[in-house]
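Structure provided below as structure tokens; questions to follow.
A, B, C and D label the chains in the order they appear, each numbered from 1.
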Amino acid sequence: MGTFIGHISPGLAFVSFGILYAFKFSLLVLRGEKIPLVSPPRTAGLRGCVKRIPVEGVMKIVYGTLAVMAEFFYPPGVYKMILFNKEKPDYPFIHPNEWQHVTMYAYFALSGWVDVISQACLPRRLFLFESIAIAIAFYIEALLLYNHMHGKQQVENSVHALLLFVCFLVCLVLTVELWRPNDPILWFTKTCLVMIQGTWLLHAAFILYKPFTGKPWKADDIANLMFVTNFFCWHIALNILLLLAFFLLTACWLSWRSRPGGNGTKEMFVFNLTRADGAVPRAEYDKLRAAEEETHLLQECDP
Amino acid sequence: MGTFIGHISPGLAFVSFGILYAFKFSLLVLRGEKIPLVSPPRTAGLRGCVKRIPVEGVMKIVYGTLAVMAEFFYPPGVYKMILFNKEKPDYPFIHPNEWQHVTMYAYFALSGWVDVISQACLPRRLFLFESIAIAIAFYIEALLLYNHMHGKQQVENSVHALLLFVCFLVCLVLTVELWRPNDPILWFTKTCLVMIQGTWLLHAAFILYKPFTGKPWKADDIANLMFVTNFFCWHIALNILLLLAFFLLTACWLSWRSRPGGNGTKEMFVFNLTRADGAVPRAEYDKLRAAEEETHLLQECDP
Amino acid sequence: MGTFIGHISPGLAFVSFGILYAFKFSLLVLRGEKIPLVSPPRTAGLRGCVKRIPVEGVMKIVYGTLAVMAEFFYPPGVYKMILFNKEKPDYPFIHPNEWQHVTMYAYFALSGWVDVISQACLPRRLFLFESIAIAIAFYIEALLLYNHMHGKQQVENSVHALLLFVCFLVCLVLTVELWRPNDPILWFTKTCLVMIQGTWLLHAAFILYKPFTGKPWKADDIANLMFVTNFFCWHIALNILLLLAFFLLTACWLSWRSRPGGNGTKEMFVFNLTRADGAVPRAEYDKLRAAEEETHLLQECDP
Amino acid sequence: MGTFIGHISPGLAFVSFGILYAFKFSLLVLRGEKIPLVSPPRTAGLRGCVKRIPVEGVMKIVYGTLAVMAEFFYPPGVYKMILFNKEKPDYPFIHPNEWQHVTMYAYFALSGWVDVISQACLPRRLFLFESIAIAIAFYIEALLLYNHMHGKQQVENSVHALLLFVCFLVCLVLTVELWRPNDPILWFTKTCLVMIQGTWLLHAAFILYKPFTGKPWKADDIANLMFVTNFFCWHIALNILLLLAFFLLTACWLSWRSRPGGNGTKEMFVFNLTRADGAVPRAEYDKLRAAEEETHLLQECDP
């Protein structure tokens, strides 16, 4: 829906995914864990299946399905699930915006179903299939955003072009992740980009439908177009800071949970941080550390 | 030919290649096989040569040659194999569309000849040359599609731009495959893209030359342009489902064929599926499995 | 500031960074050193912290902060740190250029702070974070340059498009460096591009605000547009020569410093030069050298 | 020079480089050789130096210098080595086309000088520097071609856009070659692209300045634009066939030269051909061959 609520709700959805990703990947990095490429087999039975249902998948299904419903039947009394107008002689297509949005949301819901089936129902998790499903959802979003700009005003186009730019970067990252699923730089780039998409959609809703001055932004004012880009750049900084905050929160929580062996935990964090892309294997790092400590002891003895 | 049949026939060709690829690569993945980079030498003699002629190559030659013939001599009585009009004073070029199509089809036929020569006639298969030949055919297609849009209406351009987008992705995949010929993700991406190209050409034929309402799509209606993208997005989902169906069919057929040792077959499938890009070597996986089974036995003994 | 001084000052800043990089990376290559991915721990205490403050970081902070100040408060008496005009009824945005420049400079200052904190204050250097911070600063610059061209004349746009092109290449190099931080080809490409950006900004200031003929360049003269590109190409050659000069200077200085063992130094230089990307490991090279010397001796004995 | 001879001469230059590359890389592949990353040291003295001067470098210097001279002083009596018209009041720039061409040719000449210095004069060859120099020359060509199209007609732009496309691909290949200097696929792609650039420039000269009909191509005729692309596609096929011919010629010449051990030579060719990118190491291939021959012997004994 090209309305205020139609931009706020996907914005909130992307923000919630961003937060989920931020905590998930912070945990993985701080613990030095990796996504297992071959998952262990699972206990069969409905109970185990239900317990294994992933939050992320359910969120995608719920958000996606609700959004599809809203496009067709919201506000109540409306019924837009029709492709063409049968009353006119040449059956022209109607509701093009709604059908584009529905297509977009449906792919995200589909990706959710793939997550749930792969993680809960199948004998083994098919991680690659989940990655492909979410990558396709973002590709579809990019494709539709690219072809969404017909007959719109420049401010709206500028806002959407920046959204498309972020979405395209997400597609790139997800494509590379098919071959490098365990690269922390890609994890956090993805997280940050999804968060930027979220907060930018929230901001866009206000710019396009509820400007703070009460008057719509003039499309022919160059200052307006330049400030759209400017605000977008501030969103980048904002989301990087948010991501950092989430990371530190996770680190605090982890070290609080493992207080007795707190020192080792801190040491592990430092290791996992210093070179997040895992280029330095643990063994080598430990050797380095041992040499350092020895030097340290000698220095303490020396004077 | 810028006609209904001129879009239907390449569409069917691409669909048939897509189906062929789907079964071929499903078999390779399910059996855990790879394309051998150095092929074994072949028995000489005409009989062996004929037996080795690949279906794919013959299909390319037949389709390509027929299409070239059709461009020049169809409908019967027409003769378009002339470059310029000798009757006019400045010899203007004629039949530009036909010559572009002929060029395109000829490169596919050429790729077919390279396949046949490499797989049937030469003492050893030159796999790299086959890959290069088909990659060039798609590059030529992309180049011609890109320069094909002069003086056309917006709906037609939109349809062709999406086709160009798919074709460009095929080029990318085929280029990467020159260096990574044994990557299942690339295999199936290629298969799916070729199938999308096929079904989209079929749909395009109806949009442009046989609209279901009986009246041509209005080029100045924004709703029409938006629905073109929308339909394309649905083609993506459709072809992914088709590809999945072909894969499952192949799996069923394979496990039915090897019924006595059915359990091992299923196990092998699971392995080949869990991480299709082969990042996990077989030995490591077997070790993992052994450990799992032990745990399993212990659990069974325990209570 | 869209003024003469507003192009000269960032130009000088980029040139100074370029020179700094040139000497820094020349030293690393000539000594055969690498940037350590896991840095040794540091002595705590304020003194050690102050001693470790990196020049590069301080330069970024000082330049960035001064530039932000200048945008808002220069010339003295001006106050531009306001987003919209409260006196007009619909609160229009004002000073869009200034806010775009401020955003750009602020990100460079931020990158400086990350450098200082990581290299001086934290228990261990977080090299990856520094790389990410500077990469983001250049991405922001590219994004703002791209959206900076509204309502300008063609000569100015041409000048800025070339700047954007260089900036985009810097972004590419910095992105690849996240995964390959120790590639000398990338080091020197980055250095050269930053230097080109610097000298080009200096030249642009003269083209746009102080043309040597005293009259502004005509925007509608094609010859002018073509010479903009031409001058840019000459800047590339100029900066490559400068970079080479800086490299040779460093080599001279290094070999002068280590005169007693001068021969070994020269030998080491030759090694580090012959294949700067380090593809040939030292051991293999030494073996090669030994074999060569033997042949040499035999040749000397022979006649 | 925007003249017939100004397109014919660079065309011939590129064709001659293409032929040189074709034989050079065919020899390397057929002999299974690689470009040594660390070259052996050279005998000093002027005689050795002169003997080592590479053909390719001299060709670049001669062609480049001649072309620069021609731009400035051809036809005789002309003197264009002036930047601006001193007689007019505002000193407008003149000869923009000539200065762009001069810049382009000068970079190729520079690359030739780097080749000569590195291969003949320095104590060791600096292969990386040669690669960088030629890559920069093509980047400059692409940049100038991109900014060369102001105020031209559509047919001329179309011809130059295709040239730019080829030039851009050469830049890509040369950039990748900085890190992968020994990849045969890249070698032959580069060779073929340089040859295409050459023959296309030759063809372009006739299209733009000596059309076979005697009358210039009409710029507003869509058929003309479409045939430009069409002819370009035929050039691709033509040059691939030429490249193949040069390769086979080299193979014949090599096997004729080593007739006594002809069988081993042929065997080596087959090996070097089957997987030209060297993914299969020689040892593995030999093992495969041995097993094959054994089977062969058994088959012969069997009946």
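Some notes on this structure:
As a convention for this text, contacts are C-beta pairs under 8 Å (C-beta built on N, C-alpha and C of every residue); 3 or more make two chains touch, one makes a residue touch a chain.
Everything numeric here is computed off the predicted structure, so don't read it as measured data.
Fitting chain B to chain D on Cα positions gives a rotation angle of 90°, stated in steps of 5. Distance between Cα centroids is largest for the pairing of chain B with C. The pairing of chain A with chain B is characterised as different-residue: of all residue numbers used at this interface, under half are used by both copies. Centre-to-centre spacing of chain A and chain B amounts to 32 Å, using the average Cα coordinate of each chain. Separation between the centroids of chain B and chain C, computed from CA atoms only, is 45 Å. Residues of chain D found to touch two or more other chains are absent. Taken as a contact graph, with one node per protein chain and an edge wherever two chains touch, the assembly forms a single closed ring in which every chain touches exactly two others. Across the whole structure, chains are in contact as follows: A-B, A-C, B-D, C-D. The part of chain D that touches chain B in the complex is made up of residues 158, 165, 185, 213, 215, 218, 221-230, 232-234, 236-237, 240, 270, 273-277, 279-280, 285, 288, 292. Across the complex, chain B meets chain D through its residues 37-41, 90-94, 96-97, 99-100, 103, 107, 110, 123-128, 132, 136, 140, 143-144, 147-148, 150-151, 178-179.
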